[in-house]
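Below is one structure, written out as structure tokens, with a few remarks after it.
Chain naming follows the written order as A, B, C, D and E, and within any one chain the residues start at number 1.
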């Protein structure tokens, strides 16, 4: 196991790659592609190697931590000097999300091998920068750092949609940016508020302080903070009714963009919910859970129904994401270990299968330059292999047992049922509907006689495409059968999320016992080097209504 | 003594009315020259008031610099541009409708606030002896020397500006 | 003990066959594909036999024999393993699946010899075998669900095998979705079971459930609800009311598929699950009653539709639905072994019927409409004979298999007292009527097909007997459907019912006390006679209508047009579903959810906010009139504002106090 | 003895009138004059206060104000000449090329 | 009271003296030296010299001229800031002046005088000095605004700026007069004695606030900004947006620090000003199609953000635990980042505008991303910084303002600011869209991209580097700004 700042390397390796790309001649497409591919592949392998080794099975807490004081913030309370820290770490949950990211980056670089015509260099630079942002989000343990990567990720995505997208790309890109920012800027206020309450941005410290009751948020404060965070995440997920940016963004984005968007970016929202909303604001989470569950269920059914009637294949897949992510949110806010496990698994599963669907849709687009289902039909005659892969991925996405989609959905529903049977019952209808829209669209695209003349002579999957799809298929199958490989590693992390929701009984009393906050606010590693902040009881009266 | 008081009051009111009238005529006269003249009236009236307060030096400067130099400059420019009677356009709706009332409101507020403020009531005896020219000059060249020197640069800037802006294009 | 240790081999072989054929078969000649597919199935059949042999040697305390291979899903305290188990019930199913499956594989090699996508077909068929074996061998509900969904998938693939036909594709989709609706219930059932028993392994669940106090009739306790939910799944898979609609359409698939999946094996999975969960069901009389009623209703309902169908396979399809109804009726009245017994016999004769029908169709060059057949008995003797055997079996003539199984079902229905004394008799009556109809439409089929004058054009179709690869299985099945019922035969002349005794360890029942035995026995004899008579009546009517007076049926149809059309159009159920569920759903999704809520509502709001902001910006821009005087006024306004705020700031404090 | 408040009130009035004039007049030069008027009001206030407090720094301030006013006058008139040249009009309302 | 200003006094005001001196020197050289390079070099040296001139004050800070001016870390920071701005503006202006065929000696001289004025303003502890400094910078600004004499717009902007500016100055002066009347002094340090209930003090502070509010373009006094910024020569606009504003803010901060009453009276005024200004700037910018004008509006918006921090100052000053220190730091840091970014952006605009500043419409920027990738990239960087995206200085600036706003529990003001950031995002993004996602018009695509002269590239390099550097490693700067004796007491 190599030592050193592994996570930093993981985060910034793609940035280096992007930098290197800048020095290539911009018309030398072949080498640009190769370099980008090499970098992303290296990143993927490294992430597999280091993370799987570094985050051992059955370990608890954050591993591979890196901690440096970064930006001085001046005095806070009695602490003479507080810092924004450069704090990285990985646990079971972030582990696989990072691997998913690196994997999908490789895939999306491969899938844009020939389909990107203009400004190839910039394109791959943007893809790699996007990877930087996303991996950073999953690995940062400092709220400030998290927010930083969260915002950084916007720009490449924005350009990916806006420059290499389809007809209404600009509208979609702007919509995407504004929507996300609207949420994140409020989250920033929330983060600062939390800092104001705790005197640190360091996530583990805040969690510890909240758990042993050295820090107490009043009910009102917790509520507002929770909302500030949750809305940002809900927009990202996207949870009904914040979802309308998604169809546009997906339809207009280039294939690689959609893959990353659906595969990874949406997960940032649910990841945020698990990582922040539940552990930091358990009380508020519990109070809002019913409402959120209702929204999630609406999202599940609504997304499925709207997907059912989409004339546009890519939009259909986009809405299906809304439906699937609804499951994840439901699983998270059922607060049951099984459902949370399921949610984490479903994030990964959805990343792979929906990513795969977008790949396939993109391949169809490369051949026919349209997403209109009416333009297809009977394609399995000219494209038998493509059809086979499509069916495979579609089945995994509709949750066929032995494929990855089933495990996640099943666990989510199972866990949810243990707590609120009616939620599970409603959500389970989504299982029916997913079969409806996927199979129906599949039939309209691939079955029957060929109606459009152009479709008669389409080339079947190329070798490159076959490799991509095969890898997706293999992973899908493997996740469906060997799910314990993943769930085993996410188990402790998920459990600790639930543990962190437990508060010492007196934590909710009106007035906190006035004991000075010890260095508990700081990771043991650096406790010595830093002053200590005092505990503060923030009350809504002081904050909100003055 | 009493008569002195009344005399001073009388003078004050005369000059004050003069000043206000001048100001009003500045507003209502339509030819720039008349405006300039009415402004000069105001300045002279103020100079008188300064004298009344016993600030001879300021009074003198007021007459020389303001009345003399600045206003002459104004008149000169008016002549140069042979500005005619001001045309009463009403392009600005805002000024046309709300302008005067608001300005008057501001005026009223200022006057009222000052009138009602207790500080201004504690008016010490006016005695012309204090704050004589000598003292002023010493202050000017001792503690206020820095701003004084800066003003020289300020005037330099003014000259520069006049050159830059008003010089005719050679080419 | 070799195979029992490695039960996984039995399902794995077909999977391998499927994978090999699916990935490589495309370039191979049919021979190799055949050998792979048949090899896989045949081997797994042999292994199954060996496994059964070893199983029969097991001491009873080792039964059920459970093998845990690896943990498939685990989260929290939930664990679903890839565990296979084998007990008497499994043995029966195992034999039926592998045996019949193997035969049908053989048959298919002949039947599809000239079709395209040969390798695809066998790959699917093997895959089906895999999932079906998982289904019957699974040791917990989750793994069972794997098979459950998997067979559904395969039926989807095989129905839509000729995907160029829209009808085929539609049927496949319909099958899958309707099954999904059932699965919805099935999953919820599983969740409830896990919530109650903390596990989904059969052994644990049943051992924990057995001692529990059964729910009273009409009480919706956990058991009842769970059972009803499971049964919902069963109705989907086994095509019971109201979810039977997919099965008739499924006949779009190639005939062997209909035989294997939609007659012999898959559709019986529902019955299997109910029997498997009998411990739960016996604790839930309400659920039992529901099962019985639904089964009974389906039986008669489907039979009536079967009366008038003219497509040979459709007739068989509805008869399948009807027979499945029988099986549920059996389970519903607590005669699980009877149900399974009928399941087995039905597997034999119904598979045979389909294959024979397939052979007929093959002979007629693809013709399926019985009105264009007739008089084939001489031309295709083997087919005719085997088909006749099967018909006798299903119609319930002794000594054919169907007689015994159907008889024991009716018998137990008659006896059942669950839900009032008369319920049993009503069920029995309906069952009997169904039997009458069955024998009628089956003989109608036979007569229309094989007798009377030929109604097809000699020049276009040259009728020919099928190859032996097809006839072989027919013969074997014919034998089976003749002797298949004899397990239970002895009980007639006072002997023991071997079959139910064999299943007793699993399903209970079996050895009753001698006293009731005799009483029951005499009653059984009477009922048997009645049944035989009924069958004869059915035969007679058919004979009279289609041999003696060939013109009569049309006349009848004319005379009672309404009834006839209703039956012909299957009670317009499909149309009803379309009108009540599908179309409204589509309309709402399109116009309300998508167009209104999404585009107009949410997006409208968002864009509305944006546009209002821009218009506000426009007004602010227009304050920038460019006129210095106005600017001056603005400054004055600002001055006034600031002065006002500063002067009256306590007031301001009150005003803005909230928003700060 | 004239109370200081009288002077202050007068200065307030003059200042206010200056504001009024600024808003009311159209001729650039006159507007500039109204600014001068305001400055005069300021001076009056300064002088009054300095007298009231027997401090002379107020008067020093006045001198600076006057000097600055002179400088402003030079520049301001230069600007006025410039614009007058450029567009043959002294009416401030005609100077609205820059807007919105 | 020293007999005559001793050397330490002079050394402490050295920067201002150097700037003025070089200004005068340039005017002397102008008739003699024809070479533009020489003049530019001299000017740059002068500007830099001013920065270097701080060396004495850095090592022994303190008041000068008996408290007329202070040479404390605060004023040192500002003289660095304005000096830097001067350097950048002069460098950026050189090629611009050539292109427009404008005399440069005067220009540089005026810039230097203005800089000196700002320096004085920032370091003044005495309202008289402040007034003089204010006038120095203002009068020079009036002239600079009209520097393109023959351009109608330039003259107009100059006139509007002049008229309204002196109008506001009058208010400022009257305020000083009243404050003087109450406290009997114009020295900020001596004003604490004043009892904060007095009506006149309130009025005086109100009027001062009006005067300064005009200088910093706080709504509704922002009204002059767009016109003046648009009309003025672009380098001058760069100067305006960075320099005078910063200086005026500096004076406001000093008044806060010293005049206790101000913190009491001004809170709600600032609350409202901040809200109004943010909205006025952002909403007004939404529909602009002229880049220069757009940036003008955006600078209004940013003034609004800074005012939020001022509102925070008023409350934090009362908070014994935290104190106003962080708020000061936030404001100064923001001013620094903002100056860098704005100067950079305007420099690009001044270059790209072309002769007579023709190409300032959005359409002229279409497809810039392909025609001049580096320019587009830099401009995008600046825009993103203005928009406040991470790893740019603008983000941290905004972040700290949010922080102090939250620390002083101005949650709703913070939320308003958040809302405004979204509105702002819209138009910055719009410009980026134009640059990268629109195809240029045929004739525009045909025009060969003008290569930027070295001096400009230097400016861009400095600003860009600063933008990134401050975005990643602000600690040193912040620690400097957070030091306890920022205002030397």
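Going forward, a residue touches a chain if its C-beta (ideal position, glycine included) is under 8 Å from a C-beta of that chain, and two chains touch if they have at least 3 such contacts.
Everything numeric here is computed off the predicted structure, so don't read it as measured data.
> What chains touch subunit B and also subunit C?
Touching subunit B as well as subunit C, we find D, E.
> Tell me, please, which chain's centre (mean of its C-alpha atoms) is farthest from the centre of subunit E?
C
> From the centre of subunit B, which other chain's Cα mean sits the farthest off?
C
> Which chain has its C-alpha centre closest to the mean of all protein C-alpha atoms shown?
Centre-most chain by C-alpha means: A.
> Which pair, C-D or B-D, has more C-beta contacts?
B-D
> As a quick test, compute the distance in whole Å between the mean CA positions of subunit A and subunit D.
64
> Centre to centre, by mean C-alpha position, how many angstrom separate subunit D and subunit E?
One centre to the other, that is 26 Å.
> Whole-Å distance, subunit B centre to subunit E centre, using C-alpha means?
Those two chain centres are 31 Å apart.
> What's the distance between the Cα centroids of subunit A and subunit B, rounded to whole Å?
Inter-chain centre distance comes to 69 Å.
> Where in subunit D do residues touch two or more other chains at once?
Subunit D, residues with two or more chain partners: 8, 15, 18-19, 22-23, 26, 31-32, 48, 52-53, 55, 57, 60, 64, 68, 71-72, 75, 78-80, 82, 92-93, 95-99.
> Going by the contact rule already set, what residues in subunit C reach two or more other chains?
Those would be 610, 621, 624-630, 632-634, 636-637, 639, 643, 647, 660.
> If a residue has to touch 2 or more other chains to count, which residues of subunit E qualify?
Those would be 128, 132, 135, 139, 142-143, 146, 149-150, 158-160, 163, 167, 178, 181, 203, 226-227, 409, 411-412, 426.
> When you check every pair of chains, which ones turn out to touch?
A-C, A-E, B-C, B-D, B-E, C-D, C-E, D-E
> Using the touch rule from the top, collect the residues of subunit E that touch subunit B in their complex.
That would be residues 1, 3-5, 9, 13, 16, 20, 23-24, 27, 64-66, 68-69, 103, 106, 109-110, 113, 116, 120, 126, 128-129, 132-133, 135-136, 139-140, 142-143, 146-147, 149-150, 158, 178, 181-182, 198-200, 203 of subunit E.
> Which positions of subunit C touch subunit A when the two form their complex?
Per the stated touch rule, the residues are 71-78, 142, 145-146, 149-150, 153, 156, 160, 163-164, 166, 169-170, 172-173, 176-177, 180-181, 183-184, 187-188, 190-192, 194-195, 585-586, 588-590, 593-594, 597-598, 602-603, 606, 610, 657-658, 660.
> For the complex, give me every residue of subunit E touching subunit A.
Residues 321-323, 325-326, 329, 370, 384, 389-391, 395-396, 399, 402-403, 406-407, 409, 411-412, 414-415, 418, 421-422, 425-426, 429-430, 433, 436-437, 473-475, 478-479, 482 of subunit E touch subunit A in their complex.
> For the complex, give me every residue of subunit C touching subunit D.
621-622, 624-629, 632-633, 636
> Across the complex, what residues on subunit C touch subunit B?
Going through subunit C, the ones touching subunit B are 625, 627, 629-630, 632-634, 636-637, 639-640, 643, 647.
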